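Look for chain A in each of the two complexes below; its partner is chain B in the first and chain C in the second.
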Partner chain A sequence: MKDLDRKIRVGIPRALLFYKFSDLWITFFEHLGAEVIISPETTKQIKNVAVSLAPDEDCYSTKLYFGHAMALKDKVDYLFIPRFGGRKKKYVGCPKFIGLAEVLRSMIPDLPEILMPHYNRGMDKHTRIGLLVRAFRLAKIFRKNPFVRISAINKAFKAQRFHNKSLIIDEETLQKWENSEVILNDFPIYNENEKQLKIALVGHSYVLNDPFSSLNIRSLLQGYGVDIITSEQIPRKLIEKQMAKLDYDIYFDFEREILGTIMHFIESKTVDGIIHLLIFSCGPDSIAGEIAARLSKRNPTIPLLQLVFDELTGEAGMRTRIEAFVDMLRRSIDEKVIFHITQVRI
Partner chain B sequence: MPLSFPYVGTFTYVFESIARGMKRDDIIVPDEPTYRTKQLGSQHSSEFVCTPFKMLLGSIIEVIEKGAYEIVATVFVDYCRLGYYSPLYQFILEDLGYDFDLINLDWFNKIEFFTSFKKLACNVNAVQAFQAFRVGWIKNRYIDQIDKSLYSYGAVEIEKGASYKVAHKLYRQVVETEGMKNIRMLPEIIQKTFDDEVEIDTEAKPLKVGVVGELYAVVEPAINLDIMRRLNDIGVITETPITFTRWIDLGQRMNPFKKWHYKACIKHAKPYVRYPLGGKTRESLGAVIEYKEKGWDGVIHLYPFTCMPEIISRSILPQVSREHDMPVLSLVLDEHTGEAGIQTRLEAFVDLLERKRNDRNGF
Partner chain C sequence: MIDSREKYFLGVDVGSISTNLAVIDNSKELIESVYIRTDGKPVNSVQKGIKMMRDQLGEDLVISGAGSTGSARKLTGVLIGADIVKNEITAHALASLHYNPDVQTVMEIGGQDSKIIIIRNGIVVDFAMNTVCAAGTGSFLDMQANRLEIPIEKFGELALQSDNAVSIAGRCTVFAESDMIHKQQLGHPTKDIIKGLCEALGRNYLSNVGKGKDIRPPIMFQGGVAANIGMKETFEKYLEQEIIVPEHYDVMGAIGSAILAQEDAIKRSKKSNFQSWDISEMDFQTSGFECDGCSNICEIVEIRRNDTLIARWGSRCRKWDLID
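Right, the complex of A and B next:
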């Protein structure tokens, strides 16, 4: 029997899908009167624990999940690891998202109880109502009152909608960004006598938003005076438009976002370069990365840099490559300008 | 237009007999994958894509070099990368400058499946095409039967390699047999040929090991370095429940009383992995329990490097093995897998099984 005056503590590992659905989950549990404990930002210690525990062949991001779960192990009553199969019809997530909770339970026996609701709209044909029913049942652990539970679900979805709305820009804003009228992310530090660069930073949200696993690439680019846009921010409409151009369906949901962004910028040519962050041995990435590389090779307008991250990646090597890429982009812009002027003289 | 297909273990014989049944005389039969196939495949594909992708790509490039134009491939939505194989092959082969036509058979989209199938069957009408397909799935049963006999006779044969020779003779016989009446006679012929031509050691008490895992890794000897035959050579009977039967055998699929091995396995796996997540994850887990109940000695689990669903089963297998007291050996395979490493591990595993059996029998 738990103390009645102490709140039930729910732990959410700060990895993988947390970066997509954090607002939904945190609001949901907080409104049910639970104390939400989120694992700290990834550190070297978490990584070391993760790499020593996790299966060897898993992708780097999944390995990090093990470290985050271990960081929460003794601090919480429940761990929240949903079995998530996909949020849209026909499209699926990674199979590891479905198996993760069960793998953790099997590999680390002394974990606290894991809450693992299953939702798979893509393959198991669960309906949206089904999602609500599952959330309603899950909430029973915290509160018996059905009205409180319904209002918690309601507020959680509202928070997630608000999150999506503030993250995903509309086409008008995108156009403004392309014309350098607005800045969408951190303000770049411009040096004098340097051209402003625009780069699309493309990758999974759990790589883009985790400074440790992406080796702080965002602030690195900020320091070089590069204005970035991430693949998370691109309007859904543009992505669907690009996806319709392929003669087959890309059925990995998050990969559509990545590939759509790359295809959009290759076509519109409104950025100076694209940096694609891949995670080693990520299944969907190996496919999308290959398609992106081949599309860019066939249509060589915007330079595409593909960086593969894993637990052994050295910061210095990555830094050199990004520096070289940025220098190359600057030089190519300068050459275009010179060429333009000579044309005018003639 | 010359028709061909990538090499996929003994299923190649079924492909061949379906194509022959549709009166396609211009088929090019693929060769068994060699070192060059692996090299070709990994040279042109992305770094960490799964190994079956690389092997099949190598095989397709080889048949195109032999002069094939129409190539049969599959495409469907699953949890894993299998559905992207064909679109990516299209990209890669176009970039390499080959002239080809990939024919995608999408099994989950029945209308598209039969339109593509009709494209293949240009020499015959729809009824004959269906008949050819039916003959194909029936022959698939007998190919499976030969496989099963081969890997049990192979363990106890006196003259090494005898059953292998017999099996290869029978594969060709199955492919070349025509007429439903003759085909129906095949199971008896297969059984009789094995009985007559393979001399077995009746004194031997061989161990029994089930081989489960990812489909391609199990059925293709080139990627698993012929692991079933290696086990036979050290005197172990092997069997695999993983064949193509469950997909292409419409006759058995329509039979409601047929007891499918994989369905029983999935039921066993429920406490470990509840929901489907692609590949043979649940089947691999359940098969360990299924083989334990059948009284077998051990299970070998094969999967290709970076296979997403099988990594999950590989992570949970130690728990299943512990709870049910069943030895399991997980082997990850890729194009660089060395023979000596596999051989050593297999021998160690078999020694362990033997000691375990002796302990149980009180020696």
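Right, the complex of A and C next:
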């Protein structure tokens, strides 16, 4: 334990898995009495630092992680960069995320001490109990009292369960959304005499929820009067059901969610279109992207727009594509359709 | 030709290389068009285009609706007072459908953009644009014509004279150019090299923009590059289909934009926003600055007409938006 009068400051970069596990991590550290400092939302400055620093071959989102880590560098006592391999025995997350902490440490020697607990369910020794033991040990830096440490772990997992429960909808809610009874995200801004469009916005959590790297696509769609659902919200059961239909088992956990969502909507035909956000040069994305494109071609009723983002992406070209896609969907709708606007938000 | 009871609509398409204007009547027939180079100065070229249009049609002609499209559509929309600002894909598709209601594929190659639009039963069902690479677009052909000292208008004709195309790498314009220089140094005649270039660019288009697209006839080929009959022949060779180059291939975007303005006029109750034919006499100033409000350091652009601020954009937040 550091001998300080003030709270120990733990920095968490607002990038990659932060967008999935923020509640787990923040609750854990705060309950241990630490001050959690999160890097600001991605800005041009963060991007510029990131791109100049990160290895060329990393994907755009991983590059941004470097910028976020640098934004915290002089403000914290510890950086929390977990080495997360995956939560399922059979599937992996992204191998880049496992190495991230070590890469950062070797590239930027004067970083604060990095807390890098390793968890990879795919490895034999990494059982669920093992995860708790690791968290327990990590907590010792902050508090010696074992009861406080156990309670912090409990609270953290509870917070994460709550997060997942409020994010991931059940099948009944999905059906309500498909029937235009509820709104799941921001209220679309409708123009007069325009039919409400429904689009599934599909991609990694760290792309969907970072307005900078996705060029503000969510508010852009909101402005076009589009009601969205994201791949993060889709019931896990439906995703697994879709995955079982493939002749092969998709090995990348995050990609299962993405592909499963696309397959669900191609099959159910309950949206007007699907927008698939891909990150250059993400390996799993390029595989899922190709599979999605082929499935969509075989079953072309629901149009699919695939957009690839990186630090060189021109905003003008992206906007043109998104606008043209929305126009295409609007113009293809039967003019006689009754204008129905959903009023309820959950 | 000009009927005072008729309604007229203006469409302006400002792209990276050319600025096109079209005026249509209520039955979507083209009355007059203007095709000029943007020369990197969109404001000037819009003013010049409007002036030319006014000179051809007379300033008494009333515009009942105006639209803008192309990569400079937002700026153009502010300059002319457009009622509708829409992307090029929608504009091109509408124009093609007007000239050929059965069209199933539209290939458009402009100055720096190339696109493909797939249409079924009169509805756009799929499209693609070139992403980070401008290989095979008009500006490259233009550059090579310049280098070979052949007027770009003659490019296509010359390609047709060759019956022995040399193979040229079409993946990347930089490599294509070194390949062309190499072939020249080996002594290949210019016409064979040009034909080889057309074929390389055609292959590039089909394998990049057209990749995975269901290209079915009737196929329309438009945009500035459609003037090049060498390219048309290349597409006919690779697709084994007849390629239709519409009569007004070079101003299809502007026609589409005018059609959008006409559609919009039906829905709109207000009068058109269209400035007036005097746009060319007005003084437009654009200026820019970097906002230091946050670490996004947005580049803000301001447009002034006769010293009055008429538009401002570029910020990620809404801080600098003008409120009507």
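One rule holds for everything that comes next: the second predicted complex is superposed on the first by the 327 of 346 C-alpha atoms of A that agree within 3 Å, B and C clash if a C-alpha of one lies under 4 Å from a C-alpha of the other, contacts with A are read in each partner's own complex, and residues count from 1 in each chain.
The rule we apply is simple: a residue touches a chain if its C-beta (ideal position, glycine included) is under 8 Å from a C-beta of that chain, and two chains touch if they have at least 3 such contacts.
Model, not experiment: these values are computed from the prediction.
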{"item": "Side-by-side fit of chain B and chain C on chain A, or clash", "value": "fit"}
{"item": "Contacts of A:130 with chain B and chain C, given as first, second, both or neither", "value": "neither"}
{"item": "Chain B versus chain C as contact partner of A:297, first or second or both or neither", "value": "both"}
{"item": "Which of chain B and chain C A:83 touches, first, second, both or neither", "value": "first"}
{"item": "Greater chain A contact set [chain C / chain B]", "value": "B"}
{"item": "Contacts of A:92 with chain B and chain C, given as first, second, both or neither", "value": "first"}
{"item": "First (chain B), second (chain C), both or neither touched by A:112", "value": "neither"}
{"item": "Nearest Cα pair across chain B and chain C, whole Å", "value": "7"}
{"item": "Shared chain A contacts, counted only where both chain B and chain C touch the same residue", "value": "293, 297, 308"}
{"item": "Touching residues (chain side chain A, partner chain B) in the complex", "value": "55, 57-58, 83, 85, 90, 92, 94-96, 98-99, 102-103, 106-107, 118, 120, 123-124, 246-251, 280-284, 286-287, 289-291, 293-294, 297-298, 308"}
{"item": "Sites on chain A touched by chain C in the complex", "value": "40, 43-46, 193, 211, 216, 293, 297, 300, 303, 308, 312, 314, 316-317, 320-321, 323-325, 327-328, 331-332"}
{"item": "Complex contacts: residues of chain B adjacent to chain A", "value": "45-50, 75, 77, 79-81, 83-84, 86-88, 91-92, 95, 272-279, 281, 305-306, 308-309, 311-312, 314-316, 318-319, 332"}
{"item": "Residues of chain C that touch chain A when the two form their complex", "value": "71, 86-90, 123-127, 129, 131-132, 212, 214, 267, 294-298, 316"}
